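For reference, the structure I am asking about is given below.
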Amino acid sequence: MQVLYFAWVRQKVGVSAEEVSPPPEVADVAGLVRWLSGRSPGHAAAFANAGSIRAAVNQDFAAPDHRLSPGDEVAFFPPVTGG
Amino acid sequence: MQVLYFAWVRQKVGVSAEEVSPPPEVADVAGLVRWLSGRSPGHAAAFANAGSIRAAVNQDFAAPDHRLSPGDEVAFFPPVTGG
Amino acid sequence: MTPRVRVQEAPFDLGAESAELTAGRADVGAVASFVGLCRADDGLAALALEHYPGMTERAIAGIAAEACARWPLSGCTVVHRVGRILPGEPIVLVLTASAHRAAALESCAFLIDWLKTGAPFWKREEFADGRGERWVEAKAEDDAAAARWARAGAGSAAA
Amino acid sequence: MTPRVRVQEAPFDLGAESAELTAGRADVGAVASFVGLCRADDGLAALALEHYPGMTERAIAGIAAEACARWPLSGCTVVHRVGRILPGEPIVLVLTASAHRAAALESCAFLIDWLKTGAPFWKREEFADGRGERWVEAKAEDDAAAARWARAGAGSAAA
């Protein structure tokens, strides 16, 4: 599973992308957030306030209960500020 | 008093401007319309349907009861269609 | 800020007019524009646009000043063409600049709605197929569009 | 009609982009545009704009398609810059073309409201005076501006 980070989420995690293989009990976006938070202090800092993080799965915005599949591209980022 | 005509009002009257000296009982825009209507068949045709005519006095839109003074510039034209 | 108002036969340059509103300044966050063009509806060959010299510029300047009173604008340009205009050619340009987008977008819509109903221009349609010409009639929907601004805020939209 | 969507580092040319929407046709009566620019607020030295390559283009194309479904548009262009942008420089362009002005004006406002809240871009502010940099925070007022379109019509504004 490919995980991408943008903006200050990327800065806190320390990488812009990583390939991960979460265990089978990681079933949805919220579960992935909990599991990623344990990977490093940077991950923990990035996900410390889950309410300030948005997610996309396969390049569509996704809610915390969005189900995940092994080949998904999952991205985490702050609320967008374009325009 | 200078009177100006625009668009199809001008075409029906036959001139784009004329200097007129209405009698003292012509006190307002509606009175001027009645008086001008008697000047020629073209004037009469132009003012036949007073509801389809708009007026301006000294370059500001003016209602039929707008009072007139001898030196005024009065214009008659159809509802505007710019933009 | 003094609005720029012009009535002219010549075409206008959207890019150049827009650039003038932002040149040399860094406090403009939003520029909205509207360009109205001549459509070839019903076999139209050309539009002939007549206006009331003097009153036209006064009336547009008046409504541009009202736009500046209602919204915090840093720039405002209105250019309206007169004379003979062919299908596909531009007729009117409205440009508004502000720090924020809502002011620019709303004032631009306000100005073009008002130009349709409050500025002394008259359009005559010319047809190529022997039907001659006819004066465009004012539309009730344009009056309604202009009237919503009178309902929405302070002051009168008509000069 | 396929909307034109581009994400690029280079500046864009408002006049040229607008001309492309009307070139060779006489059925376009209205072209509305919005340009968002970088303001020098609070001593800003530059904006750094980051995006999510792939998703950004998909998301913008999706909302442009929704604009075309809601309004009878003959043309629609969205150009959003990324990278480092200096105060006074343009950031984003929205252009909409239609036979009539309401469709062009409303869809232009719809698209820029949505771009603020639904497209994966992030702005980082850089300051010259030793204050370093900070990420711009999303504004509740932008969410409210986007939400009014969801209330107004069919479908969801978010892709």
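By written order: A, B, C and D. Residues from 1 in each chain.
Please note the rule applied: a residue touches a chain if its C-beta (ideal position, glycine included) is under 8 Å from a C-beta of that chain, and two chains touch if they have at least 3 such contacts.
What you see is a predicted model, and the numbers here were worked out from it, not measured in a lab.
Counting only chains that touch, the fewest steps needed to get from chain B to chain D is 2.
The set of chains touching chain A and also touching chain C is given as D.
Inter-chain spacing, taken between the CA centroids of chain A and chain B, is 73 Å. Spacing of chain A relative to chain D, judged by their CA centroids, is 26 angstrom.
Chain D has its Cα centroid 23 Å from the Cα centroid of chain C. Touching two or more other chains at once are residues 36, 101, 112 of chain D. In chain A, the residues touching two or more other chains are 83.
Annotation, chain-chain contacts: A-D, B-C, C-D (touch as defined at the top). Those residues of chain D whose C-beta lies close enough to touch chain A in the complex are 36, 49-52, 54-55, 58-59, 80, 91-92, 112, 115-124, 135-138, 142, 158-159. Residue ranges on chain B touching chain C, taken from their complex, read 4, 6-8, 56, 59-61, 75, 77-83. Within the complex formed with chain C, the residues of chain D that make contact are 13-16, 18, 22, 24-40, 87-88, 99, 101-102, 104-105, 108-109, 112, 145.
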